[in-house]
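Each structure below appears as structure tokens.
Two complexes are shown next, each including chain A; its partner changes from chain B in the first to chain C in the second.
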Partner chain A sequence: MEAAGFVKRYGKVEAVRGLDLAVAQGELFGLIGPDGAGKSSLLKAVAGVLSYEGGEVRVFGLPVTTEAGAEAAKAHLGFMPQGLGRNLYGDLSIEENIDFFAKLRLVPAADLRERKERLLGMTRLDRFRARPMKQLSGGMKQKLGLVCTLIHAPRLILLDEPTTGVDPVSRRDFWTILHELLSEGGVTALISTAYMDEASRFDRVALLYQGRALAVGPAREVAAGTPGVVLRIRPEVVGPGEIRVASSVGLSADRGGLAAAEEPGAQASSVSSAATVPRAFEAPDALELLGARYASVRGLGREVRVFVPGAADEGAATAALHALLGGAGIGFSITGREAADLEDVFVCKVAPHHADAPGGTGGPGGTDTPATSDTPELSGLDWTRDGGAPITPIISGASGEPARQADEAQGLAIHARGLIRDFGSFRAVDNVSFSVKPGEIFGLLGANGAGKTTVIKMLTGILSPTGGAGSVAGADMLRGGRAIKERIGYMSQAFSLYTDLTVAENLRLYAGVYGLNRRLAAERVVWAIKLAGLAGRENALTASLPMGLSQRLALCCALLHRPRILFLDEPTSGVDPLGRRLFWDILRRLSRRAGVAVLITTHYMSEAEYCDHLALMYAGRVVADATPEAMKAALLADAGPMLEVDVDDPHRAVAALRAAGFAEAALHGGSVHAQAGPGEARERGAAVAAALVAAGVNVRAVAQTPLSMEDVFVHRVLALEAEEAGAKGARA
Partner chain B sequence: MNLIRVAALAQKEWREILRDRLFFSLSFVVPALLMLLFGYGLSLDVENIPFAIHDLDRTPQSRDYAYRFIHSRYFDFKGYVTGEAQAQQLLGQGSVRAVIVIDRNFGRELSADRPAHVQTLLDGTFPYRTQVTKGYITAINTAVTRELLADYMVRVKGLSPSRAQDAVDPVRLEVRYLYNQGLKSSWGVASKLIMALLLMCPPFLTALGVVREKESGAIYNIYASNATRAEFLVGKLNPYFCIAFINAMVLWAMACFLFGAPFKGSATAFLFATVLYVLCSTGIGLLISILVGSQVAAMIVTAVVTAMPSMLYSGLLTPVASMNWTARGVAAVFPAMYYGRIIESCFLKGLGWGNAWGDMLVLAGYGAGLFAVGYAMFHKRGKT
Partner chain C sequence: MSAASLDGILGSGRAARLRIWLRRAWALTVKEYIQLFRDTVLVLFMAYAFTLDVYVAGVGVNWQLNNAGLGVHDADKSTASREVAGRFRAPYFRNLGSVATREAGQRLLDQGGLMVVLDFPPDFGADILRGRQTAIQMQVDTANSAIGSLATSYGGEIVGRYGLERALNVPELNVDKIHGVPFIIDETRAWYNQNQEDSWFMALAEIISNMTLLSILLPAAALAREKERGTVEQLMVSPLSPVQILAPKILAMGSVILAGLAAGVFAVVIGVFHVPARGSLLLFFAVSALYIAFTAGIGLLIATIARNLAQVGMLTVLVFAPMIFLSGAWTPPEAMPSWMRLLMDCLPMHYMLDAGFGILLKGQGVGELWRELLGIIGLGAPILALSLWRFRRQFR
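Up next is the complex of A and B:
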């Protein structure tokens, strides 16, 4: 596949602005970028189902420039459009769907029989072959889509966002199947995705943004292409005049500790004066400072991960950080050093001309605007300072229930106790208990249908629970519906703004809904516009805003009445990484400065790491409730370190590792990732290498890679599924 | 054209239709239901007009006169009113549509061979109905007048009653209704409804069926494969055509057996014309589905393009020949008029191929044109 100077316009909008790409035979090529980057346009053009305005696309050397010309390549193409199961037929069974695709592609009956069995077996769909497609889960739909796309054994497969909206377990499963299918060789795959962390799955990637390729190459090289150092630091606040920078060791033992120069005479930090804010929440001041300087900064619990672009080595990066933070009286210790990932690169490249930025042009070359310019005006979030809502819940005295008083004594923002919700005979939420403190960001994770949204609906008073109790913002969940609604903000992806109203009209509407008086409403609308970074766009139609901005506006609408608790149901789906970062900046500030408790669900496992506390839901139950660090530590103890093995023949290596008992071994580009089993990293690495050598695979290097929340999620869910299957087996 | 692909497409489409219970039942229930509603509701006959009499005279002559109306099958006598106020009230409530006021000296004047006076008050809210009512009243009044005249001639001129009768009716009019001897409007309406409903319902189904696939994205399976445009259109539209044809037969049966419309003409001619007509209406649905992108838009456009013309410009309510030039132009653009003429000749006139072939040719050309345009506008490699 080749594209040269590819241009696609929709009306006046230029979706793709001159793209040059070449994908070699047999390559697994990724198109990575946020919504609106031009991924779908390119894929459709290659599939010959979309005309384009400029340049040329060639498939197998044949030009795809006319409708007739496109036909020539179609026999050898498999195209799966965007949208989970959207191209399948809901009323047809799995087998009927496959048969239809096969007949459409004129697959001979014998081939069809053979391929169908093999593909159904591989995707483990064979047990459900008579089930109508509409009754399948998201992950199964996606696998069926893949089978249907592959049934005529195409030489080039084009998959448009096959993993969007799929839970991490199904996603990982999907990649395993795809790699297995492609391991037979000869098939070229062009796949788009909005998840940056999937980059390592491809042989090569193109990082797309606003119709242009920011970078093309193997994921690791693309990430390495932007010089800089990624550090994880733990900021510490110390008294005036005694700034210390603790030195510490990185992940590998051979990396020595780094001492940084002391900087005396610095001022004390301007930490929130509210006494109720726990000490642990003081990190964000460092985060704010870093965020103002560097584009790619992520707050991970108490730690901060920062990409220092241009830094030659760890020393230079540390010095730069020290100069920045020391000036504000913040000390820090370095807790780790990581390789820059694609998200760092993306954010750094995009920040100067980001579309969400008030002055952003998004045009060629961008402007010299520093990253700070598109940061929303956050200072308005210090509610405690300007006399906004207090942090501790107001004791309403409406109910004399002892448990509730206990919650207030502990200062809990949300306390769920044994929540149950049945839909008919189906128990969607089963005995869920957890608590959220003021100022805490609490993440609720789980696959589709795990019960997350139902829990949120019960807590916000939209849905009444079948059983259990709880208190929200100091009011009893069952009786205090009205009080709760006054004290909380709710935002979901589905809860959308009125797209035919302007920014200011939307805000005024919500100010009215929340019953603010005229003076307060006018004041808050101005405040919200600043907070959303929408100054100058008050009269823009909401429909014209990019995804990131409209989501930020929706958040601000939910903040107009200064709630004490914020419920967010997948607020960042489809938003690009920089937009997500700015969104999280607001959340963090809200929680740290105003003491707002945030309950959030997300599909992005990378975002889960930003939370202070996580609860993992599975089949309506909370199966894990801990901090992200604790969850990772538990995984490390339970399943051992994650090793990245560099080998000659990755496909054979995966097979060999699985045969040797490393069930979760998976292909990542040219290397293999394997959960090595409990034990010390070096020792387990040796075991993995030995298994590979025994299978005749040449091992070049073994290195430890950090565990991600996705690893945690997948491992937990798979263990639960195995347990459930075991229990079923025992019963039978 | 590869028949395996066509068969696969048709089979898939049939399965989807048959398994989508709502879609399936709607596709058969809606036309039959509309047939019932319109067939019974769209009667243009004016009969049983409720009326009252205000008899100020109360003489044998006035009662005689009143009984002419009371016994008529066109009128439904509601009773005598006692005063003008009551008459006004009944008319206002709508419980009577007409009041006949017989003047105080009705009997005396007649006995004295002087003109007597009768007044009628009519509810004019529906001009058509009012006109018909006025016609009935005038006719009855004329009959009474003529009898009185004949009576007078017998009395004064000494003519025999039959001579007197001839003298007041010098020109006799013999009326004979052809094709619909009972002038039952339900006969005409029921058969014409087949035409109107076949223009309304099949395009809805077809447009929804195709647009549904566009909306979901499943159409990309076709775009991205080597299935040709013709294969797709034939395979995809096959079920919709069949459903429309089955519906045509159901509607025909309803018209004949439920509404008792006589089918006197050539069955083969009717069948052939129906096939052509159903092709046309399916083609309209296809064309709409190519132009719009969402099911909602498809519904609205179909309603505007087919429902109005099929009701107003098809000859269902007003004969096309008596429309003004613009309306006739509009009528000529839609296939309903041509099929309507065929239905007329097949049902009531009992004619066959000989008269219908011209209209059939038009329908065939129309259908071919629709599919040619649809084929040309359907692209596997679109702009968006």
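Up next is the complex of A and C:
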């Protein structure tokens, strides 16, 4: 496949602006970039289903410019469009879908039978062959889509975001199948993805942004192409940092004071909540300082991961950080050093084009006052510094039942106790308990259908629980529905904006919905526009905003009434890494400065690491409830370190490792990742290397790579699935 | 939450609570107005439905016999045959000339070139002169049964009258000459619509039909769109009651429909067709407003059942088509089988039509319209309540 000067316009909008790419036979090539980068346009043009305005696309040397040329190439192509099961027929069974696509492609009956069995076996769909497609889970749909794309044995497969919206376990399955197929040779794959962390799965990647390729090459080389050092640090307050802690106390006291003025009964609880500030607030201020200077900064619990571009070595990077943080009286200790990943590179490369960019690509000379309108004005989030503006416009009295008082006294924002929800005979949520403190970012993880959304819907009062109890924002969940709704903000996956209204109209609507009076509403709308970085676009239709901006607008709509708790249901789907970073900056500041509790669900495992606390849901139950660090530590103790093995023949290496009992061995570009089993890294590395050598694979290097939340998630869920299967087997 | 507890918190009590309630509902109403007027296609459709469409219905739809094509196969060619053929006059008939053979006449009937063929036998004139019984054949295309039967009865009347005149041996029958003959003179006086203008009936029926369609469709589409986009969930999570979410839709859509109705009534129904508006226009619009609000309940009910906009479209057709048939807009209720008339009594639109004709043409007031008002309220209120209940139940 080859593209030269490829240009695609939609009306006046240039979606792809002169793209040059060449994909070699047998290559696994990745198109990585956020929504709107031009991935789909390119894939569709290659598939011959989209005309284009400039340049040339050639497939197997044939130009895909005329109808005839496209038809000739189509015989050797397999194309899977974006969206779960979009190319499949919902009412047909798995087998009928496959047969249909085979007949469409005139696959001989004997070939069909043989390929169908092999592909169904490989995807583990053979047990469900009579099940209608619409009843499959997202991951299964994607696997079936892949089978249908492969049934005519194409030489080039084009998959458009096959893993978007699929849970991590199914995503891993998907990659395993793909690697297995490609290991047999003869097939070339061009695959797009919005997940930066999937980059290492490809032989080569093209990093796309706004219709241009920022970089092309093997993921590791692309990442190494931008010089710099990634450090993990743990900030410690040594100087005037206490002021910030004091201000957090001030917030609680302030809120208590307001409540006391209007609700005599609330005095006791307000005093106690002022006394129980849940945590030290030091990390975020270091994060703010770093975020203002460096493009790629991630807050991970109490640690901060920062990419210092241009730094020659760890010493230079440390010195730069000392210069920056020392002035603010923040000391830090270095807790780790990592290799830059694609997201660092992407953010750094994009940031200079992006209005949010701190000047230059880093270094001590960079300015830290980005002053363009697109920049969110985060200082607006320091609610306590507003000079006593009311936090909620109307304080509704909640009935003062004892449970609420107890929760307030413990300083809990959310307290779920044994929540149950049935849909017919199906138990979607089974005895879920957890608690969230004010100022805490709490992540709810789980595969599609694990019950995350149902839990959120119960806590926000959209669904009533079948059983259990809980308190939200100091009101009883079952009885204080109206009071809860006054005190919480909610943002759903779909962002829930009115796309036919302008930015300002959306904000005014929600200001009205939350009952703000005219003066307060006008103030808050201005405030929210600044916070969303939408100054100058007040009268733009919401439909015309890019994903990142409409996401921030939706968040601001949910903040107009200054809620105590924010519920976010997969709020970052489809937003580019830079937009996600800005979004998380807002969340951090909200939680740290204003003490807002945040309950968030996400399917980006990299985002799970930003949370203070996580609960992992599986089949309606909470199966793990800990900090990200604790979860990773548990996995390390349980399953051992993750090793990256550099080998000559990665496909054979994976097979050899699996045969040797390393079941989760997986291909990542040119190297293999394997969970090595409990034990010390060096010793386990030797064991892995020995297994490979015994199988005749030449090992070049073995290194330990840090465990990710995705590793934790996949490992946990697989263990639970195995347990369940075992239990079933025992019963049978 | 009791009002008393809010009293304590807000100090100003019920008033403050009401103020906030209204502020919230108003914010949503403004939103509905903006969304409605930003939808150019919808606005144009509404403008069309209340003006041009009503005009077309009034002018174009006509239940009277007009310009029916007539062909004559005259094998007789006598004075009598020409006299009879000559009495098939405009505006009811249009004589398109003679037909050479019977077969040619039949063919023209089949092709639709003619609607009526008169066939005079060879000795028609002679038979009449001799006072012998004779017959002429009239073939009528009754594919459109209403117009066909009109043509048949007009033709029958013309021929019958000619026959009577010949029998009495008078050249032209009129009131002076009929004395002493036992003959009932048929003089009609039409009430309410003296000139029996079809346009009055049609324009009014059409504008009420369109008002009904829009009252169902607009709120249904608006709510379904919110369900599709997920915004309704956002509203449910904010401190809004179901009434607060639904009432602004009815208020915004309803007021716009009422404005359209007013434009249509003043510009077309009264302006162009000169419908007299004998009763109180204020009463007419008040009843219409009530009707629109309750009909919107049907729309909201549809939206709670439908999963997306396409389903709303289909369900609306499903509900609206029988409503039109059974309401009396197209067919007189008396002509229907009794079980259908029972069904009809369950349709608010039927009562609205009665009330509309009653007020505008007959000058009826509330006193005469109590049955219609009872029908509109008695049927509409439970539907509205049902839609509210279903909407609430979706989020349980």
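Criterion: the second predicted complex is superposed on the first by the 653 of 732 C-alpha atoms of A that agree within 3 Å, B and C clash if a C-alpha of one lies under 4 Å from a C-alpha of the other, contacts with A are read in each partner's own complex, and residues count from 1 in each chain.
The rule is short, and it goes like this: a contact is a pair of C-beta atoms (placed from the backbone, for glycine too) under 8 Å apart; a residue touches a chain by one contact, two chains touch by 3 or more.
Because the structure is predicted, anything quoted here is derived from the model rather than measured.
Participant: Put the two structures on top of each other at chain A: do chain B and chain C fit, or clash?
Facilitator: Partners clash after overlay.
Participant: Should A:L497 be classified as contacting the first partner (chain B), the second (chain C), both, or neither?
Facilitator: In the superposition, A:L497 contacts chain C only.
Participant: Is A:H415 in contact with chain B, with chain C, with both, or with neither (first, second, both, neither)?
Facilitator: Neither chain B nor chain C is touched by A:H415.
Participant: Just checking: does A:R234 make contact with chain B only, chain C only, both, or neither of them? Give me first, second, both or neither.
Facilitator: neither
Participant: So, does A:P81 touch the first partner chain B, the second partner chain C, both, or neither?
Facilitator: first
Participant: Please work out whether A:L104 is in contact with chain B alone, chain C alone, both, or neither, and reply first, second, both or neither.
Facilitator: A:L104 sits against chain B, while chain C stays out of touch.
Participant: Examine A:E71 and indicate which partner it touches, taking first as chain B and second as chain C; both and neither are also allowed.
Facilitator: first
Participant: Scan A:V513 for contacts with chain B and chain C and give back first, second, both or neither.
Facilitator: Only chain C is touched by A:V513; chain B is not.
Participant: Per the contact definition in the header, classify A:K116: touching chain B only (first), chain C only (second), both, or neither.
Facilitator: Touch partners of A:K116: none, neither chain B nor chain C.
Participant: For the superposed three-chain arrangement, which chain C stretch in 8-16, 188-196, 260-268 or 368-376 runs into chain B?
Facilitator: Residues of chain C that run into chain B: 188-196.
Participant: Taking the stated contact definition, name every residue in chain A that is touched by chain B in one complex and by chain C in the other, in rising order.
Facilitator: On chain A, the chain B and chain C contacts do not overlap at all.
Participant: In the complex of these two chains, what residues of chain A are touching chain C?
Facilitator: Interface residues on the chain A side: 262-263, 394-397, 460-464, 482-483, 485-486, 488, 490, 492-494, 496-501, 505, 508-515, 517, 567.
Participant: For a test of understanding, state which residues of chain B touch chain A in their complex under the given definition.
Facilitator: 2, 4-5, 7-9, 11-12, 15-16, 19-20, 216-218, 220-227, 379-384
Participant: Could you pull out which chain C residues touch chain A in their complex?
Facilitator: 1, 5-6, 8-10, 20, 23-24, 26-28, 30-31, 34-35, 38-39, 229-231, 233-240, 395-396
Participant: Can you name the residues of chain A that touch chain B in the complex?
Facilitator: Where chain A meets chain B, its residues are 10, 44, 47-51, 66-67, 70-71, 74-75, 77-79, 81-83, 86-89, 91-92, 96, 99-101, 103-106, 132, 148.
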